[in-house]
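Two complexes come next, and they have one chain in common, chain A, joined by chain B in the first and chain C in the second.
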Partner chain A sequence: MEVKIAPVSRVVGHITLNVKIEEDEIKAKLKVLNDPRFIEALVVGRRYDEVPEIVSRICGPCSVNHTLASIVALENALGVKPSEDVELLRELLCQAVNIQNQAVHLYFLALPDLVGCENIVDLVRQYPAAVKTGLELKTSGNRLIEAIAGRIVHPTACVVGGFTETPSQGRIDHAIRMLEESRKYAVEAADLFLGFEVPELDSVSDLHLVTCGQSKYPFVGSSLSASDGTVFASSDYAKSIEEEPQTYTTAKYCLLNGSSFYVGSRARLNVYAKGLADSAAEYVSKLRLPLRNPFENIPAKAIETLHCVERCIGILNAIKDRKLKTKSDVRVSAGEGVGTLEAPRGVLIHDSNVDENGIVRRYNVITPTALNGKHIEASLEELAKERIDQGKSDEELKLGLGSLVRAYDPCLGCATHMVEIAIERL
Partner chain B sequence: MVKMTIDGDEVEIDASATVLDAAEKLGIEIPTLCYYAGVFREATCRMCAVELVAKGRPGKIVSSCAYPVSEGLVVETDNKNVRTNRRLSLELIFSSHRIKCQSCPRKGGSCELLELGRQYGVEGVPVCSECPLHEDDCLLAKGEPCLGPLTIAGCGGVCMDMLRVCEGCRGPVTRSDAVREALHLYDIYGIDTEEVRRKLSKYYANSEFYDRLLKTVEEVMTWK
Partner chain C sequence: MKVAFYSFGGCDGCSYELLNLDEDLLNAIQKYGVEIAHSVIFGVPTESRDYDVAFVEGTIASEEDATKIREIREKSRILVAMGSCAALSGIPGLRRFTEEKEVRRVYRGVELDHKPLKEAAPLGKFVKVDYHLRGCPTSKTEFLELLDKIASGKWWRQGERRFDYSREKTFDIEGTAVTLDGEKCYVCGRCVKICEEITNAIDYANRSVDTIVSTPFKVKFDESSCISCGLCTLYCPVGAMKERSSVKNVQEILEAGENLTAYVEPEVIAALGEALDVEADVGGRLATALKRLGFQKVVLWKPQNQLRLDGLVIIPGSEGEARFVELFYPDLLRYLTEPPKLEEGNAVWFTPCVARKLGKTLVLTTRELTRLLGTLDLSLVTVGRFDQTLLGEENEDETVATGIPQMRETLEKIRRKSLKKGIVRLYCCPEGCLFGGGQPFANSQPKGNREQILARMLGPERN
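What follows is the complex of A and B.
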């Protein structure tokens, strides 16, 4: 038997899902349908200052993360040390993107599954208040990004060396007031999404990966830590993370020391639950850590959203009455550098190699969805096996598989890379 | 009823009609912006310009939406003279039109002004028109290689708000004189045209505009 969902709806981008069910084996294949976009090849030969702007186009929803990861990678390659204020503002931006992205995923991609609506139009009709809360949350994230980075999508103020302009006092005050107001929406979201019973499923492998940084719940950092206890510098990522081209899709899926693993809100919450803001930490007691069920990514996202709102207010208050240093000199020199940070969907890795004229010679991007890919497939196989053993119908199976993919919140535009396919003839 | 000729075709029409009505009867299209049948006929945009053909001397350009028909009138709606006139009218309209395409309800392809601009090779005013509205300082004057003078306005100047130079993402201004004006500005502020050329290649490489631009740069350089 073969279950086909083509395309999987309510995900960012286009994928199809093929699950082949045989006597003794179940095989799931997640096929990304986006065309290869050659972004990594596009930036080769361009000067370092143009690169963040180009790679930002990888993804609309988290363009800020791609811009920042690229900037950090290039700064490491050129040997530029950003000021502490710049690092703080970058942390702030990552959290703002997190608020905006998680609001969209929770309310518009995941909620229809949880309340049993077929689509978003249905949801708007039946739960107008929830939809409004979701939009308010998204808006507050958007406005915060706009205040700091100049534009919601493809930020203009972020450059190698820091920021072109320091956010003015007025803008910071306005952002604080706005976030204070949206705090109640974040609490509403946490109440709502922790109230749902998520489907039962045990994680196939509990290996997960997060960014290590300075703060208690870091979004930007220079090393990565896996749940099996290994910690490695971002620049050594290639030793542990193996990118594997797949024959059936344009995305490369990754393995960590040979096994599948996951990144994202669930991984972050598993590792950093103690670093949560007080109001968000209260909700953690309703969950059993570590979160082993992939569906628990949804409540994890809701808790994170509340945490990010609190943390953003905290950071904004800390920088409010201070003169910020947001520019560092950039001197061009040859080198290699890796930038890692937490995008809403998990660890994002940008790797650059720059020559003595500041021209990029090699560039590599590994996105959260590429890291998650193998784990999603393994979980799908597990879910299919369990549901078949329980004697569920095909329709129920399809619904379950679709909502599991959505629980991971894959973003397919950015997972797309070029893959060489060798044809084998006998 | 009177008989007249438009683009070589004869038409018989009521004496109270206008040249635009007569053209419509023949199925000849004349672009209009301010004209709205039965509502507005003040001939202010002058996009519906046509030429009254007279033997032996240059014809007279009139607005067809307001010009009455008469016996034996000969009109041309699409010749070099008419097109030049329409392009001039468009440039005048664009020069005072605040292009705020992002917040305009007509965005998404239903804007006649932009459509006509495309047809007649007149596209908007440069991004330089955004900066004074936002009280942003001119980055060219600070010696930074800004693509503002070469790029079409309508973005709201978001980059210059954050003190960042225009990167040209919105596409080129195709007004005939824009490139020359821009090069003149780069010359005044001592900006390296090589740097500008490199920046332009990011969004425009392999485009027709890019080739034309490089040619103009060469021309201007040889004048010196």
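What follows is the complex of A and C.
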């Protein structure tokens, strides 16, 4: 028997799902059908300052994260040290993107599954209040992104060395007001999404990976830590993370020390639950850590959103009356550098190699969806097995598989910026 | 309004930017009665048979996508290229500046199921796009404006152009055979389209609302690459492109009672019959009709030079083909003969060809003939006879080239010396004189092939 969902709806991009069910084996294949765009090849031979603008186009929804990761990687390569204020603003920006992205995912991509709506249009008709909450939450994130980065999709103010412009007092005040306002929406969201019953599923592998950084719940950092206890510097990522290419898809999926693993809100919450803001921490008690069920990614996202709103207000209040230093000099020198940070969907790695004229010689990007790919497939196989044992119908099985894919919130634009296939044909 | 959102090779940032319209988007959906008929991100993965508007983002970078976008075009009344990628190929399009080896490194000889094309291209390379929404990501406000325009019917397509109608102050472009009245022209672009198949003498000029159709720098047609084929006059829906008419002159001479001879080409009779919907004996009826108008003598005439030469001769069908050789193949001028001679004097020539006006003043096209006939109903006149029939014989070693592509091919052969002997006849209008620039616009397809039509229309005159 073969179950096929083509295309999987309410995800960013074009993806189909094939689950082959045989007597002794179940094989899931997640086929990403977005076209490869060879972004890493495009930036080779270009000057370092063009690169963040170009790699931003890997993905619209998390363009800010791609821009920032690229900037951090290039700064490391060129030996530029950004000011503390810049690092703070970047942390802030990542959290703002997180609020906005999670709001979109929770309310528009995941909620229809939970309340049994077919699509967003039905959702708007049947649950206008929930949609309004989602929009308010998203808008507050958007205003903050605009205040710091200039634009929501493909930011304009972020450059190597800092920011082209310091956010004005007025805009910061406005963002604070918006966030204060949306605090109640974030609480509402946490109540709503922790209230749903989560389908039972035990993760095949509980290995997960997060970024380590300065703050208690870091979004930007210079090292990565896996749940099996290994911690490694970002620049050593290639030793642990192995990109395993697939012939059937245009995305390359990854393994961590030989096994599948996951990244994203669930991984972050598993590791940093103690660093959550107080109001968000209350909700964690309703869950059992570590979160082993992929469907629990959704409540984790809701908790994180609330945390980010709180943290953003905190940071903004702290910098409100301070004069910010948002620019550092950039001197060009040859070098290699890696930038890692937490995109809404998990760890994002940008790796650059720049020559003495500031020309990029090599570039590599590993995106959260590529990291998650293998784990999604493994979970799908697990789910299919359980549901078949329970004697569920095909239709129910399809619905379950679709919503499981959506729970991981794959972003296919990200996944298919490039395929590099190293296997050789005989 | 049935709306579809499609996404190809790109970052999906445009759809995401539209989500950032927040309540404005929801309001717009309600206000304009938008039914989302396809959108993966909105959770409508099924596809409809047709759409009113399809918003498409991203570049076309694989064969599958190229097939898909053509399919979408077929289904959609209006196709909108959303964002820089779809409109101009954007960042993915940078691949054409990337060294081949960098891109090749990516494949390493492995055949993917999903075959990428050599370059990531904008939609316009594969299908006709009705509107381009600008920006990376696309402009939210422009999206709403467009939706408003489409819903209210204020938006319409002008030929290939997407802007509202506005015209430059009056201008005329003169020519011996063809003229353009800039005041009448509304930039539909049909003449530009047809001229692309000839010599590209006319094209769009200026930008945006100032766009006009013109020869380069508004020079006279005779000074441009125009060969006066007259197809633009045939395709112009408003009579802005016109042949220089001689109907008045002929009428004046006839009224003065002068002695005039009418020379009629067979193609005129064929097209006339079809245009006036007279099935049989059109030739005979026309002979009577012309006599009634005051012509002393009516001759059925087909220009056929009786040349017997050892070498190569290029015979142009009219002054137009001669001009074409002059402009584009000057090295072959030594093989070129004069176009079939039209005698001056008291003679009027009826021909399907506009370019013949370059040679002589009293040349009337079939269209002008219908004007000359006026209210005279051909189906009511008796069947007469031509006073004389001058139809040349066809030679055996003749090469006939109709339409510019065939003409070019033949002339290239001569240039390469792979064609050295015989008679080469050139007719610039696609499919030959029967579909010449001076013919009436036939709404239906010709019934049967050229020979059959001619045989039917000419009746006994042919033999």
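Please note the rule applied: the second predicted complex is superposed on the first by the 416 of 426 C-alpha atoms of A that agree within 3 Å, B and C clash if a C-alpha of one lies under 4 Å from a C-alpha of the other, contacts with A are read in each partner's own complex, and residues count from 1 in each chain.
The criterion applied here is as follows: a residue touches a chain if its C-beta (ideal position, glycine included) is under 8 Å from a C-beta of that chain, and two chains touch if they have at least 3 such contacts.
Keep in mind it's a predicted model, so treat the numbers as computed, not measured.
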Chain A as common anchor, with chain B and chain C clashing or fitting: clash
First (chain B), second (chain C), both or neither touched by A:F108: second
Greater chain A contact set [chain C / chain B]: C
Contacts of A:Q169 with chain B and chain C, given as first, second, both or neither: neither
Partner chain(s) touched by A:V159 [first = chain B, second = chain C, both, neither]: first
Partner chain in contact with A:I54 - chain B first, chain C second, else both or neither: both
Contacts of A:G150 with chain B and chain C, given as first, second, both or neither: first
First (chain B), second (chain C), both or neither touched by A:Q126: neither
Partner chain(s) touched by A:F38 [first = chain B, second = chain C, both, neither]: second
Against chain B, colliding segment of chain C, chosen among 168-176, 312-320, 348-356 or 366-374: 168-176
Chain A positions touched by chain B in one structure and by chain C in the second: 54
In the complex, chain A residues that touch chain B: 46-47, 50, 53-54, 149-151, 156-157, 159, 163-165
For the chain C and chain A complex, residues of the former touching the latter: 7-17, 19-20, 22-23, 26, 29, 36, 40-45, 58-59, 61-62, 64-65, 90-92, 94-95, 98-99, 102-103, 105-114, 116, 120, 136-137
Contacting residues of chain B [partner chain A, same complex]: 158-159, 161-164, 167, 198-199, 202
Touching residues on chain A, where the partner in the complex is chain C: 6-14, 33-39, 41-42, 44-45, 54, 57-61, 63, 104, 108-109, 112, 117-121, 124, 131-132, 135, 138-139, 142, 152-154, 247-248, 250, 412-413, 418-425
